[in-house]
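Each of the next two complexes has chain A plus one other chain: chain B in the first, chain C in the second.
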Partner chain A sequence: MAGRTSWLAAAAALSLLSAVPAWPQWLQWGGPHRDFTCDSTGLADQWPEDGPRKIWSTDIGPGHSAIVTDGELLFTMCRRDDQDAILAYSAATGAKVWETRYDAPPKPDMLLEFGCGPHSTPLLAGDRLFTVGGLVHFRCLDKKAGQVLWSHDLMDEMGASHLQRGYGPSPITYRDLVILNIGGTDTGVAAFRQDTGEVAWKSEKFRGGYPSPMIVKINDEDHLVVALGADRIGLDPATGQTRWRATVDIQLAGIMSSPLFIPPDRVFFSCAYGGGSQLFQIAFKDGQYAAEELWFQPKMKVMHGDSIRIGDFVVGSSGDFGPAFLIGLDLSSGKVLWRQRGFAKATLLYADNKLIILDEEGHLALATATPEGLQVHSRAKVLEEKSWTVPTLVGTRLYLRDNRAIMALDLGRGAGASGSDITEAHR
Partner chain B sequence: MITRISIYVFCAGLPGFLTGASAPAADVPPRSEAGQTLAIPEEQLNVGDVYHVTPGEDTQLICTSDALLQRVAVTSHRVIGYFVTPFEISADEPPLVAGALRIPVGSLRTGVRDYDTVLRGPQGLNAAEFPEITFRLARVSDVKLVSDEKRRQTYTLNLAGELVVRQKTLEIEAPAELRLIPFTWQTMQRNVGELLVLRTKLDLKLADLKLQKPPQFRDRVADVVHVDVCLFCNTMSPEKLLDPQIKPAQHIKQMRFLTLLRDLNDPDKGYEFGRAYLREIWDDAPALNRVAGVLLTDDGIETRDLSFVLKAAQRANELTGFKDATFLNTLASVYGEKAEWETCLKWAREATANLEGVKAEQAGEIRAALERWEARARDSQE
Partner chain C sequence: MAPPVSVVQSSALRSFAGHTWQSRASPYARVFRASAIAVAVNVAQALPAPPETQPATQPARAAWPMCGGSPARNAVAPPQPIPARWDLETKENVKWVARLGTQTYGGPVVAGGKVFVGTNNGSELRPGITGDKGCVLCFDEQSGTLLWQATHDKLASGSANDWPEQGVASTPLVDGNRVYYVSNRCALVCADVAGFHDGKNDGPFTDEKYTGAQDADFVWMLDMIGQLGVYPHNLAACSPVGFGDLLFVCTSNGVDEDHEKPPTPDAPSFIAVDKQTGKVVWRRNDPNGRILHGQWSSPAYALIGGQPQVFFAGGDGWCYSFEPATGAPLWKFDLNPKDAVWEAGGGGTKTSIVATPVVCAEKVFLAVGDDPETQRGPGHLYAIDATKRGDVTETARLWHVGGKEFGRTIASVAVADGLAYAVDLDGYLSCFDEKTGQRRWRYDMQAAVWGSPCVVDGKVLLGNADGELVVLRHGPTLKELARNDMRHPIYTTPAVANGVLYVATQRFLYAIQTPEGEHATRGN
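Entry: the complex of A and B
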């Protein structure tokens, strides 16, 4: 018996070992923790004047989907005329490995001066890749070959909303499910079986919305947190049942930025278009959850970028059509700690105690953010077209794209030296 | 002579909206490269939120001389500048901490062409030598918060600053109303961004400007000019490029062209710049069509060089093989403005014959344009 147990344990350990990624990954919107932070170390403290070392770059085509990777392959989406394209690239070389396209002609009621996306970021789960296009075509593909395993046209099947400018939120996994915003005429959020695409649950009806959902643990229970129009909602991710719901001022209905979880029980939301930032506490009383607003700060308005929590404060790029300040906000009070001009509207990553800033004009910067202020150490123009896509950091390698090109940069110390790049070192 | 007297009134009235004395004109920041905002000093950018004056749609200045025998009003829609409010407005500090304006003399209009000519000429404000009137906010006092509802705040206050007219600096002071209006779905119908509205009215004595009225027009020009100011300002710069199809460098140059031609009303410098810009975009059909389109349609342009417009429109169509309905429509419009009806209708019909792939709304506009030109051609024959 003991022998068998140890054999089983060894087999389990082996199986675990084979399941554990051999090199760093970025499988979903927001990265490993879905909050745009990662555990990378060894980032350089400064870059050369012309920016970090470029490893490769290649043309990709229009679109704003962020890049996910299992370490070997990179996945993203772009637009080819009236088709959506799902793309896989070699992380090492930037060579295209496969491309799968499908027809997705825009609808007459769409606003397309900024293109038809795709805006949503693919999701990797095991060997499956899940994607959602601007017209809410939901697909599951074999990540190695790009073969479509199952698909849904969610505008047809569930009356999903294309949100006028093209669907934007990125799906999330929960156990054997993949969950995404639907909006529109039928349901707010829906979950599908990863293996079959069968609908597992549909939530009550909510308006559609751009913020990507996230799953957090509050009061030892899982909550699927999502912002849809003027509703800030917590669902049971196993069933789709509403756990809590707060309806905010209609001026905050234009929210696009993803929520940010502040353990153990607070959720931060930020919205442009005359909105602001709010912190909610999710309280459990008398067997029920309730969302209570702790503060509202109209001066911080994150548009479609992300916010980063660093200790007791949050950093975000605040602004819509006017100037975009980088703002540090005290989490306990909601007070603006500092604001800094100098960047256009930006997306942010945080790793190795460093803030990586990419503004929409293609300037990439390395900075240190503290409650006292922001110190920019390096800054370089690396992209030429509209750069709305939040970058992806894997080890010390940064993958980024604009509306035309995709590229890999080495942010490691002594960039260019042997072994400075985790992926290459692994190989 | 009549016009000359009127001019003096206007000269006095324009400056009058803020009174004060002694700061040199250099204190007002220069225009940006595109010309629709000012190059705000770094130290002012760091103290608060910047609201840019939004030119174009509002009657920003109305200066009225209401004399015994004549009443004349001068208006401007092309005032540019900025105001800065503290990031966090508190009871301890004024809601305005900096501000500056530039008022192009070439943008001042009476509605009577001859009056305008004299008003802007050497006998008047002398636009050729002193193209702009400037104002710099020096201080704010007597601030009262009148209302604060739904984050909309209204203050009354006194503004003081330096006004420079024809290199003469005047200290001016006037009571004003300041409204801060946050961005809402309603305000978005007007402008995207946070809004600031500054209103002030004051009377200005001609004598303060040391301008002499010719005796024979004593009763046709008032000694005191009433000045009414309303400046809508926005946190979104009027230079902000929202159309992703337009290259930023082209956007800046087209705006600069318009600033010279329309705001400063300087056709010599404007078209000189325009010709150089045309050479730069000679192989870029959309950019050529944009230039032609704006020169045809912008109300503020007094000197419309149709041969220049035709050159741009013709080239845009040559580059696209006379197959682009939008560009053909522009070309038809140029000939329409020239009253060359046969050619106008030829290209307008060609435009309607090439509507495949054009959005329904735009296609409707092109069809409507053809109908308008046909009607005008008929009218001209009658």
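Entry: the complex of A and C
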């Protein structure tokens, strides 16, 4: 894990935080390391029969955006009829602090049987909150008051794609920039200055796509890695110049899940809809980067959730049409180590050597994953509606939502003891 | 358990001799003679000339000319040696491999020395024909060489009616020198099995867009959108069935893009069409405004106690039987519990039917299910007595398995030797006692299953969405013989003819054969 640790340090240095956070935070899609792992400790090994202790819960409204937090406020998005709503809640009590709305009527060419999102997860940087709605309304807000500081309507301005079911990828920060997928008329990805909202760069043209970008260090250079349709690309996050690009089979163009970085130079992608998982090595030869496929495994098809790397293997929820399986995949060979039924399509978190599983039917589970298999220690139904949102873990507190409600659960040891809940302890 | 060989062979020969699909084409007769050694013992009993009105209940050994192999749709092939294992790497037991498009749902059929598959244009096999299209490919049965390709442009209305990249999802029906299928454009197509290789452009349809030697010669087309006002939800997918002069087709008329209601409830759901002219003979729209989602099932045809019947599964969750000549209703059966509630997206207790009815021993075997992407919910599998009349929901139910015991499915049942094999979308393959519904065993396919089981040579064959073709022993005790890696997902049902197993994955068609089978074929 030495390589991993150094990469985590590099990723932390990349983040905009100039000071050590006062309390645990989850500022972006994927959390502190943008890979759905975090450094929480003290998680209980078992939960009570009916699930972890509920600290609070409240109705929020439809939407699938994940929850980010500076430790004090929680931020997410939901839909109110033909409007998008950006919401701030008190982490301690679940009380709503502010709500900012804007009009976002759906377009006639959208597919709306699963709603109009929002799917994209807000991004916190300093005192600012960046959000993107289902119709690619990009907003920068003051996180304390919810006041809009600047905005872009990226469908109008750049021909950005609403991806038929509503824009979904989550923005990322780089230095003084915020970067997001566009899938527009002449640009695939664009960067904006955080302070003014001014366009800093536009990449060459790529299709739009649901996977969220990540920024990693390969060959001592920064790469913004993202999957857009059949393109797997690495850009220079400072300029938007393409560093490498691999065009994969059209059957892998329906990719929605986020890539996973395997330091020092490998990237894992997984795609549902009859797709599969691929591991690429990003090689630097003769002054040029090239992405080379190391293996392809059609049996692991992660639809819209995330995948978790644990040592030498990857865990993901595989399935598109029909049943889902949790699958452990050997990173060096691409071989399926194990697969297990019992959860609908699921999103995953990893902390304190524990896998936290939330399936789309609202079952939350605590498990141990090893190359030998998955051992589920506790499982409870905690959400009622469609649960497509990856939960957020800060300290021992888990924030999660479905298409209607948002809640806080205590995953700490000795459930019920508030001392185990870092946020409460801080207060 | 050894299948009762003599019975199976007799019925195969009877259907061979009397069934118009096979009796027209001479190659069958040639193959029949060559394979006669294996079946000669039964020839005398097997050939009492049956009436011409007798539809086959099982495919002949020499052909698998439609979805399910015969109008009864019961995918049980007569005895012929089929390997349990093969190896795509070493080519062990692999006769040939042919490239398909990139998404293949129209499973292989075999007749008259040709193999047909519905697929998309993802591989752009024909020079100059590029981009997303629906395709039917015709291959030479012996070599796997591509003979011709039928090409259909996508509908301008896009995913609402013709989902991108899905291609032709209809499994073709071969009848003598004609092949019939439903295109991605919701047209019932009649094409010449010879393509343009016979040097003729058969009509009335003569203004083909593509007229190269490797393009399709269309004979007639029935545009079910333009001529019948049908609104296919996402894709028209019916695999036609036929008997005598008629073809029977489910139109795929469905709900609107917002999943609220069928925009054209008065358009026909079920039609009978003159095989020679493409003219509609009768039409019915029984599901009407009660269509829940799409109508992606395919009809079956059988003779029940002297009465011909054509069976349609409606998008309202009912199975209907009609008098084939007139469309007069014979019976109907509601597959959903009376208190079931429909919710778009699959969350409710009520659901549609996508599977094709299967007929065996005067029973219809059928289960509920919906678009595989919708949420999972309680399933219902029935054995229905096909001899009753009227609303037979209460009276014709012979047995039922459902709830947590059997999930929703889009696959058909295969019934052989008193055992009914049924698989749900979750990938659990069950073996039931065909008479009682009592479960003998259950096998975990470990992946989603769209295709249906096929029984041949004492084996049950079934593909899964992870690209494995699983071979189990046919019988009341479970025994796994092999899990064959096929590299790409399988959403089709295997077909068997002339000692060769055909498996279509999303991208390739494999002809699989034992060395003994190969020897027998060469003997021809």
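Going forward, the second predicted complex is superposed on the first by the 407 of 427 C-alpha atoms of A that agree within 3 Å, B and C clash if a C-alpha of one lies under 4 Å from a C-alpha of the other, contacts with A are read in each partner's own complex, and residues count from 1 in each chain.
Following the convention adopted for this analysis, contacts are C-beta pairs under 8 Å (C-beta built on N, C-alpha and C of every residue); 3 or more make two chains touch, one makes a residue touch a chain.
A quick note: this is a predicted structure, and the numbers were derived from the prediction, not measured.
S.K.: What does the overlay on chain A give for chain B and chain C, a clash or a fit?
M.R.: With chain A aligned, chain B runs into chain C, so clash.
S.K.: Between chain B (first) and chain C (second), which does A:G311 come into contact with in this model arrangement: first, second, both, or neither?
M.R.: In the superposition, A:G311 touches no partner, neither chain B nor chain C.
S.K.: Have a look at where A:K299 lands relative to chain B and chain C in the superposition and call it first, second, both or neither.
M.R.: In the superposition, A:K299 contacts both chain B and chain C.
S.K.: In the superposed arrangement, does A:L111 touch chain B (first), chain C (second), both or neither?
M.R.: In the superposed model, A:L111 contacts chain C only, not chain B.
S.K.: I'd like to know which partner A:Q251 touches here: chain B for first, chain C for second, both or neither.
M.R.: both
S.K.: Identify the partner contact of A:G322: answer first if only chain B is touched, second if only chain C is, both if each is, neither if none is.
M.R.: Touch status of A:G322: both partners.
S.K.: Between chain B (first) and chain C (second), which does A:A344 come into contact with in this model arrangement: first, second, both, or neither?
M.R.: second
S.K.: Just name the clashing stretch of chain C against chain B, choosing from 129-137, 183-191, 273-281 or 435-443.
M.R.: Residues of chain C that run into chain B: 435-443.
S.K.: For chain A, what residues appear in both contact lists, the one with chain B and the one with chain C?
M.R.: 113-114, 250-251, 274, 298-299, 320-323, 339, 341.
S.K.: Report the residues of chain B in contact with chain A in the complex, numbered from low to high.
M.R.: Going through chain B, the ones touching chain A are 45-46, 50, 87-88, 151, 182-185, 187-188, 192-194, 234-237, 240, 242-245, 360.
S.K.: Quick one: which bits of chain A touch chain C in the complex? Just the residue numbers, please.
M.R.: Those in contact with chain C are residues 111-114, 249-251, 274, 298-299, 319-323, 325, 339, 341, 344.
S.K.: Residue numbers of chain A touching chain B in their complex, please.
M.R.: Per the stated touch rule, the residues are 108, 113-115, 250-251, 273-274, 298-299, 320-323, 336, 339, 341, 386.
S.K.: What residues of chain C sit close enough to touch chain A in their complex?
M.R.: Residue list for chain C touching chain A: 102-103, 122, 159, 165, 257-259, 344-345, 372-373, 376, 425-427, 444, 446-450, 465-467, 487-489, 506.
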